[in-house]
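Handing you this structure, nothing more for now.
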Amino acid sequence: MDTILRNPQLDADGDLHHLLSIEELPREIIERILATADGFIGVGTREVKSVPLLRGRSVFNLFFENSTRTRTTFEIAAKRLSADVYNLNIAASSTSKGESLLDTIDNLTAMQADIFVVRHSQGGAPYLIARHLAPHVHVVNAGDGRHAHPTQALLDLYTIRHYKGRFEDLNVAIVGDVLHSRVARSDIHGLLSMGVRELRVVGPLTLLPTGLEGLGVQVHTRLEDGIRDADVIIMLRLQNERMRGALLPSAQEYFRNYGLTPHTLRHARPDCIVMHPGPMNRGIEIDSAVADGPHSVILPQVSFGIAVRMAVLSMVVSSQRKAS
Amino acid sequence: MDTILRNPQLDADGDLHHLLSIEELPREIIERILATADGFIGVGTREVKSVPLLRGRSVFNLFFENSTRTRTTFEIAAKRLSADVYNLNIAASSTSKGESLLDTIDNLTAMQADIFVVRHSQGGAPYLIARHLAPHVHVVNAGDGRHAHPTQALLDLYTIRHYKGRFEDLNVAIVGDVLHSRVARSDIHGLLSMGVRELRVVGPLTLLPTGLEGLGVQVHTRLEDGIRDADVIIMLRLQNERMRGALLPSAQEYFRNYGLTPHTLRHARPDCIVMHPGPMNRGIEIDSAVADGPHSVILPQVSFGIAVRMAVLSMVVSSQRKAS
Amino acid sequence: MDTILRNPQLDADGDLHHLLSIEELPREIIERILATADGFIGVGTREVKSVPLLRGRSVFNLFFENSTRTRTTFEIAAKRLSADVYNLNIAASSTSKGESLLDTIDNLTAMQADIFVVRHSQGGAPYLIARHLAPHVHVVNAGDGRHAHPTQALLDLYTIRHYKGRFEDLNVAIVGDVLHSRVARSDIHGLLSMGVRELRVVGPLTLLPTGLEGLGVQVHTRLEDGIRDADVIIMLRLQNERMRGALLPSAQEYFRNYGLTPHTLRHARPDCIVMHPGPMNRGIEIDSAVADGPHSVILPQVSFGIAVRMAVLSMVVSSQRKAS
């Protein structure tokens, strides 16, 4: 196969080699990740919460952008697979001494890293790393700029499949600051891949990207219209900087128009589920009565996230094992 | 048993479920913790310093207030019990993104935490967490505001019992900034529970709380009087902010009046022991000749602290095991 | 043997007890470290990258000066030996509360530390600690002020021996800011111990120490002269503060005179190797065409560094085992 045209996320056999983005990830691979995660769901509730799949492997958490939550979920996932985990606080390290990103990667590879879990404020950084790595080393994107957050999208898909079954029957609404959200971008690609019946984005025009209609996505500026008969509602976090910025009048007005409350939730289907990637702004994008209410699956998302990350880490290493 | 009236630290069988405070902890539970710690004393001096009691369990060190020393002792205790330990630097995490304390706890619980070790600048935070937790998850207070520091008090009790035996025969003096010290508060409750013969607090009036006499505690403002015939002297750390504050004239004058020196120590019993929770201010609350002298048991306190924390962690999980 | 005259790095049998400096380390011990490292080279490339030599032992990384890279290499080395590793962020800890260095050490020793890996901005700090420690605890210097960085020198010696064999046949040049470099100091002592044919230091006079000629080291201020017929070139990192300081006109002029390029490299032997302790300033002390070129062994240095640190950690603990 031509290595120039080949999907950089897959190896020559079409197996998952890096996880960079949901975009361009074949539906079959997504389904394999979800099925693999199924097998890991039980591990977290056992008394001994580990399996030896990555024993002796080295997973480096490279967080150029701080995120205790996501870093911790990857650390847990890697430890449950019995890997050695190294957390690198990059802000305080060599990059501040002027070392380039790829020199840092080369050095850690020379320390026999097996997997890099990378979060970076610049979109595309994990691709740059993937192109640079030797064939036996892997990169998993833990969020790059506004570009992608593929493990969040995968755990969202896992959650939807868990509660709702077949994607083809579902109306899904993504509500909030879609424009600046890497979660939204990755969710949109994943939900389109899985063939949901209707996919809608909902928010003020200033926070919605253009060109979505061409992908078959419906655009709504009224919350009630956007979530009407929805089976799944994915609420997005409103970044603090937006609340004070020129794009929005105020957090209070945002909540009045786009905050999900028990009242507005009545427009959705009676058995709809409500999701949120966290951390939530209660009283801004979501009312506490909804966040803690019977439709909310926000905390199960977190648990499923561990299993999904275990699936991704173990699958890329299987690709390694085969290569070597 | 009525769950409203029930002690939140104990389960329905009266076993230790959370450790929140020494206050309201039955003497029998304190003695069980000390006896359990006895069994762990040897572990630290063996060549292989671990036992498998918490294998596969997840202990989250949630330090909302920085303390490398206490955090490290809990990390060591948990690792010696073979637990997986996750250190969360909360200042740099979701709370700075505006997430509430209980949302953080819910998220980590969804990642299958078994025990939270919590330090927080606000008194009562561990109680808030304990009330919120699912029954199979536990919280251990590692210091909350000026309220309590129960594992420090337990290791102090362990140390006293180790060197002095029966509490009923002992005169114990706590010297220094009792007013602002959570260690002093917890020590006072613990020592009263264990029934020491005489308990005295010693310091300038501006640094002593009121109302202690009602508990049977003697109050002294002259060091020589306070430590006269003492079997045990617990020195408290003088916080830097006090030295510069309105409550004290100067660090020099404090040392002249309340610093423990070989000279003043002669007022205590010849076989008395001197304790300090650390970190010490040499030359301010304690003279180096005392800190490093034959009466000092300050470093054994640290070693005993590991065993006591192992006891607490293993006992709350036993309560879990029974519950499930 | 007289304990005052005895080398503090060796125990009574002449075995490695602490690693403080390459200076005064007998050649025979250096060779034993390199030979021991040979046995660990394979561990990093196995699927399971660990051996049980330090199982249950506690290694404390005490970094009073931040260095993610060196701290991570020691963490990897200790974990591959199955030790429990504790990373202490000292800047944010007790020393900021005014505790003395030796009180911190005493406390951690009371937590049953086996080895301290210490980086400190003050030269001599590891010696101070070594003199203070109980006989069953060990210190490894991970860089102290401008004084020494012995594990870097050992991995440099390992690298040279790996690629070049006998030291007695080699011309070695150390290029750059020799004056302020603890790496250069330790390399000079190590290379002299191993008996290289010619050892040269190369740089502007303002960045070269005086008195080296007395040790048999050649001093050069022209790069071409200094690296002529060199078998090994060790490039030093130019600290940012030098570039802006009074000692150098500018980074550009430094590169023009002392930057290693494919052009200047022609003065060295055709099979010479180029080394750098990292992190590199590309375009300042080294051209990318050299850093990434066929003479560069900069990344193998990193891999060898893990094995060398495993050798040091396991050897000092063998000395412990014998003592107890």
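As written, the chains take the letters A, B and C, and residue 1 is the first residue of each chain.
Keep in mind that, in the parts below, a contact is a pair of C-beta atoms (placed from the backbone, for glycine too) under 8 Å apart; a residue touches a chain by one contact, two chains touch by 3 or more.
Model, not experiment: these values are computed from the prediction.
*Asks:* Taking all residue numbers at the subunit A/subunit C interface, are over half used by both copies (same) or under half (different)?
*Replies:* different
*Asks:* Give me the superposition rotation angle from subunit A to subunit B, based on Cα atoms, as a multiple of 5 degrees.
*Replies:* Angle of the fitting rotation, subunit A to subunit B: 120 degrees.
*Asks:* Roughly how many whole angstrom separate the Cα centroids of subunit A and subunit C?
*Replies:* The computed centroid separation for subunit A versus subunit C comes out at 41 Å.
*Asks:* Two-or-more-chain contact residues of subunit B, please, as numbers and ranges.
*Replies:* Residue numbers touching two or more other chains: none in subunit B.
*Asks:* Within their complex, state which residues of subunit C touch subunit B.
*Replies:* 55-58, 84, 86, 88-90, 92-94, 97-100, 103-104, 106-112, 321
*Asks:* Can you check the complex and tell me which residues of subunit C touch subunit A?
*Replies:* So the residues of subunit C in touch with subunit A come to 44-50, 66-69, 72-73, 75-76, 79, 240, 278-282, 299-303, 306.
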